[in-house]
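The structure follows.
Chain naming follows the written order as A, B, C and D, and within any one chain the residues start at number 1.
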Amino acid sequence: MTSSAFMYLFLAAAVAGGVGMLALRHPIHAAVSLLGTMLCLAAAYAMLGAHLMAVFQVIIYAGAIMVLVVYIIMLLDLGSDDARAFRSVKVFVGIPAATVLVSVLARLAWHRAAGTEPRPGLLSSIGDPAAAALPEGFGTVASIGRDLLGRYVVPFEVTSVLLLAGIVGAVYLTGRDSAGLKAQGNAVGEGKGTGDGGQAEGAPAGGEEFAA
Amino acid sequence: MNPLLNPKLPEPAYKEEFTAGRLFTYRNPSDLTLWERLYVPEVLRGLSITGSIFFKNMGLWLVWLGYWARGRANEAPRGAVTVYYPEEERPDMTKVNRGKHILTQRLNGEPQCVACYMCATACPAWCIHIDAGEHPDPAIEKYPVRFDIEIDKCIFCGYCEEACPVDAIRLTTDYHTVDYLRERMVYDRDYLLSWNPTKVQQEHVYPGGEPRRG
Amino acid sequence: MTLDWAFLLITAVNLVAVIGLLLNLGGVLTWVERKQAAVMANRIGANRCYIPVPVPAKAPGGGWKVRWSKRFTLVGLFHAIADGMKMLTKEDYTPPFVNRFIYNLAPFIAFVTVFATFAVIPFGGPVEPARLLDGPLLSGIGALDGARAWLAGFFGDGSGAARTFRLQLADLDIGVLYVFAVSGTGVFAAALAGWSSNNKFSLLGGLRASAQMISYEVALGLSVIGLFLIHGTVDLGRIVDQQQSLWMWGIVLQPHMFFLFLAANIAENKRIPFDMPEGESELVAGYFTEYSAMKMGMFMMSEFVAIAVIAGLVTTLFFGGYHVPFLYDDGFHFGESVVPLSHLTVVVLRLASFTLKVLVLCWFQILIRWTLPKFRYDQVMRLGWKMLLPISLANLVLTAGIAQIVNAR
Amino acid sequence: MSEIKTVTLTIDGRQVTVPAGTSVLEASKVIGAEVPHFCYHPGLPVDGNCRMCIVEIDGARRPPVSCATSCADGMVVRTDTAAVKAIRASVMEFLLVNHPIDCPICDKAGECMLQDYYMQHDRKRSELRDEKVHKPRLVKFSDRIVFNGERCILCTRCVRFTENVTRTHELGIVNRGDRALVEVAGGGSLHNRYQDNVADICPVGALTKTDFRFKKRVWFLKHTDSICPGCSRGCNVVLDHDKNEVVRVMPRFRAEVNGHWMCDEGRDIHKRIGVDRLLAPRVKLPGREGGATPEEALEAVAEVLGEARKTPDRLAAIASSWGTNEEAFLFAKLFGETLRTPHMDVKSDSDEGYPEDDVLHTADHNPNRAGVVAQGVVPNDKKGGLGLAGILDACRRGDIQCLVVWGPGLSGHLPGGESELALVLSKVARVVYLGWKDDPVARLAHVALPTPAWAEKDGSYTNCDGIKSTSVRALDPPPGVRGEIEVLADLQARLKGRSYGRTFRELAAKTGAPLPPRRPAPALRQPSLYRHASGVARP
């Protein structure tokens, strides 16, 4: 009883955080409410016994992604006025998405209340009471680890390669100017001469600056 | 890439200087050995030094407890080089420590000072305030009616002492300049003249021996 | 469903014990830090705070009167109390132009995350309440019979068998991952505090804090994965269980990882030699420059509590947790000879063992803080990414290989 | 028109053309070659007794003194050869033989020519081993001047001053050789009104002023160009001040006004600044009694004037003759243009009686009567405007409803003095006072606003000869006190009048005031020179 009370508390807080994220004008306030939502969701996972899920929710979403979001908001110094820039996104993406979500949820709730089965389809398993029966050890570190490194090892590794490619690309795109300069500087410092023209796109500019 | 757009850059004229090591470079070559650059052993060595001092002092504390139990706490060997200041004082205070000021006196007890403002002029903290007056003796002519030193502003640099043409102001070794009230930290002429080498301040000697009198 | 009163009681006891231990340790550590620095530097250190003791003295006109002349200083220990009182009674000044909500939120995040970390650390061995009063000395006292019967009844599972409880606030099978998750959330405290203060120094401190904490989080996690491989679990309770033997202690299995883990933890706690975010010499006080009174105190307090939490974590992972060498549930085992001990003695010994280890590690952290010079910022980053991370990865590969060989045999 | 005859000569290798009759010393100044001197003073006849200004002239049998040698065409002068330097060092040595070198207690230290030239040209120990000659110290020449015979170098500047400038002939040299001494003739005392100048021109510390004696070391002083408001001569002066207090007043050379000199009364003018000051505004209007902030008082004045504006014939304004041209300009614009009153006049602020003489003193003891009148503070004759006497009569009759008095001294215009003033003002419904003194009018007025004294504000003054001089603010006014320019401009703004500017520099363009040169920020004089002198030259 207490646990379900806590469950409802966390879920209510998560919903409040989501509403807050949408309603608050200041980006950092919105980010903090999103953080609250994620932490509450993690708590809900934990209450459902999915401890690893909860921890990943905190480590990855709250700990890593939200930190980046907050970081960017701070560094760009976004004020409340900058929220207006995203108005068209809200209108053309947000409203349709919200409409779809609300309609699906309403349909499920309708069927649950009426005690009827929803028509089979893409979302059919969501409301399926049979799906609630979980296998033994669901959500533990061992079971998830076994799935991740056994059954789903190929998608898992492919994803990691994708992420690695993303990281390398980001480093190349953001770091090429300074890399070019550094290469020039090192070359002079070590007395090797310059003119390794094909080195990087940014090299000529840096080299001219150095020569002047 | 079009070579015309990226011509080979001329080599800097000071290339030889660089290679010969004659020109200053921003690189600060490390003079650490490989063992030192491993860092962790050196960290452990540092920790062992500070740790040994810690344990030595804790041991001395135990020794002190023994002395204290026998009522002879003062005789215990001590590890700390600092003291409980108001209750204790350092016995090894240097004789040339610059502390409180005094005004030296003529034989009749009047200030040697001729109110020339040299100390006030030299003072970097502007803590000396003088009012000059006409002395009845034309041979002296000028003397300080008021001579205030704001000791809380003073930085004890000793410039006043050095600037004084008549050896009238000196810094003693007395360093007890603390007080709870700011008003009490302004030393007036009478206080500065009250220094007397025969009294209790005896241990706080003049750096330059006895003041010239008369 | 009825409530499990026994479980609730034990949890409440655990909660009080953990919070009491951490709060008091955090307070005392503020004094320890100062006093230990003094002792290490041949100084006297904090000594002024005292409680006046009345001493009867002869009044000048005859008769007696009380003079409060004696000073009970207790080697300056009251400074911890005085500091707390000072912080609580000082003006809590909120500067104008701060982002009020976030500014007020940040110290709480710092405080809560540090405290929450300790929840999964087992600080004492398994307790069987029904057997607590069974010792050879206590069993003779008839007055305790009633209490013994009550314990057996209250903590029984109904079928007559005695229940065993862990002295651990939350027994999670994700164990140490929870620690990483919660301490990772602590980044927000520094980042939000720095940003909301509307001060350039604070913002720089906050940015440095988040960069440093995220960097070291990686090394922190990877450095102990080798141990998890060996123990085959991330559940701290089970890890401690497996360290019953001295040869299974983390410090014996992976001594190099102890240094890595401790270094990453100190960096995570933003203490010297990793105090970039605070950086007194360049950033005033870093991300909490604009905080005053108890809000500042909460940042300070969380730092000191974090020392204790780190000590607890290191104890659990590397120093056998609450285990005393050769002490088993029924007494000391030296080879074949057995020294039997009562359950209560074992419980108390294990609690004392854990506390002692934590204290020694706290001392060690403060020793490091007063010995090593501060790093430069680029050195901090280089150490994190180019030293600690590759070493942890290499260790992981090596340990995995060895574990594979050992398992295959 | 007569042609000025010029001669061209070479000094230190540079050609210089000067009027015939110019001395070599003055010609050297033109090219910036400083020739040291003690007895020469541009305001006094040449004597040539100190021998310090010796230069080499080609063809001269021996090096002559430059102050007494007229320039001639084709002359070749050298001011810094080795020989000249050796002569200067010897002269310095002789001058210092019997000098007590008591710089620490000498008030001249820091601006002493002997001290400066010692550092530039001598810098060695005295070789005299005998006892120095002792002469009388602390001889009171008068209440204002103290003489120290030991420091005197007998340059006779002071003697020549009493002979040629004041022509009172009190001072002379008695005795000969090392016993020579300046004395007051006949054993009396100095009795001219310009005697402080002898202390100014004394190149050493032999003559000091009682007023300034031991008050302040000169290197603490800040110098601000000002004028003396003591009489309508408007002598140009320098206010020497420190810590917001004027310590002494020194004349500033202005050939067409005061030359090098100023009178003793003018030296004491700064003592009036702190006396009888009105420091806070007073408001006695119904409903507004009690202490008022400057802002509230200004509001009250605006209200009174706004009321009086409806009947401009019954409004009268009396201006101060100590006001500056810029303030007078605003005053005239406010009352004549915005409030349209015909009754405006200027009064005397000060009637302190000291007689005029043929040196500098004038009879009018107000600095700027001519300037205030010139800015248009005069009765409007076309509208039947009343002069000062007429305004006072109208007040007595009760014809004036609102009277604005700027500056103190109104009671001096009434034969009955203060008691009559009270009677006259009781007939006026609203009296507004604006001034720096706590005058009887300030006590009787319904609104009294404090203003700064002349040393506390910028402004230009027009003297009796129509010459304009500018006085620069030297001191900070008392807290909360705002200058007349600001007050009048504020009133003008509140009464919806035209804006003419709120600062001196804005208004100076309209009144033609000479803008003061920007002085460099005062720097603390370094004491190192002095310390060295006392340390090295001590016998």
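Annotations
Note that contacts are C-beta pairs under 8 Å (C-beta built on N, C-alpha and C of every residue); 3 or more make two chains touch, one makes a residue touch a chain.
Only a predicted model underlies this, so the values are computations on that prediction, with no experimental measurement involved.
With centres computed from CA atoms alone, B is the chain lying nearest the middle of all the protein shown.
Looking at A-C alongside B-C, one finds more C-beta pairs in contact between the chains of A-C.
The distance from the centre of chain A to the centre of chain B, with each centre set as the mean of the Cα atoms, comes to 59 Å.
Chain centres here are Cα means. That of chain A falls 32 Å from that of chain C. For this pair, chain B with chain C, the centres built from the Cα atoms lie 42 Å apart.
One inter-chain figure worth recording: chain C and chain D are separated by 78 Å, centre to centre, where each centre is the mean of the chain's CA atoms. For chain C, residues touching at least two other chains: there are none.
Listing the residues of chain C that touch chain B in their complex gives 36, 38-44, 47, 259, 367-368, 370-372.
Touching chain A in their complex are the following residues of chain C: 1, 3, 99, 101-102, 105, 172-174, 177-178, 180-182, 184-185, 187-188, 191-192, 195-196, 203, 206-207, 210, 214, 217, 233-234. Of all residues in chain D, only 102-105, 109, 137-138, 213-215, 217, 219-220, 527, 530-531, 534-535, 538 touch chain B in the complex they form.
By the touch criterion given at the top, residues 114-118, 121-122, 132-134, 138-139, 141-142, 163, 165-166 of chain B touch chain D in their complex.
By the touch rule above, chain A contacts chain C in their complex via residues 1-2, 26, 28-29, 32, 35, 39, 42, 51-52, 54-55, 58-59, 62-64, 66-67, 70-71, 74-75, 140-141.
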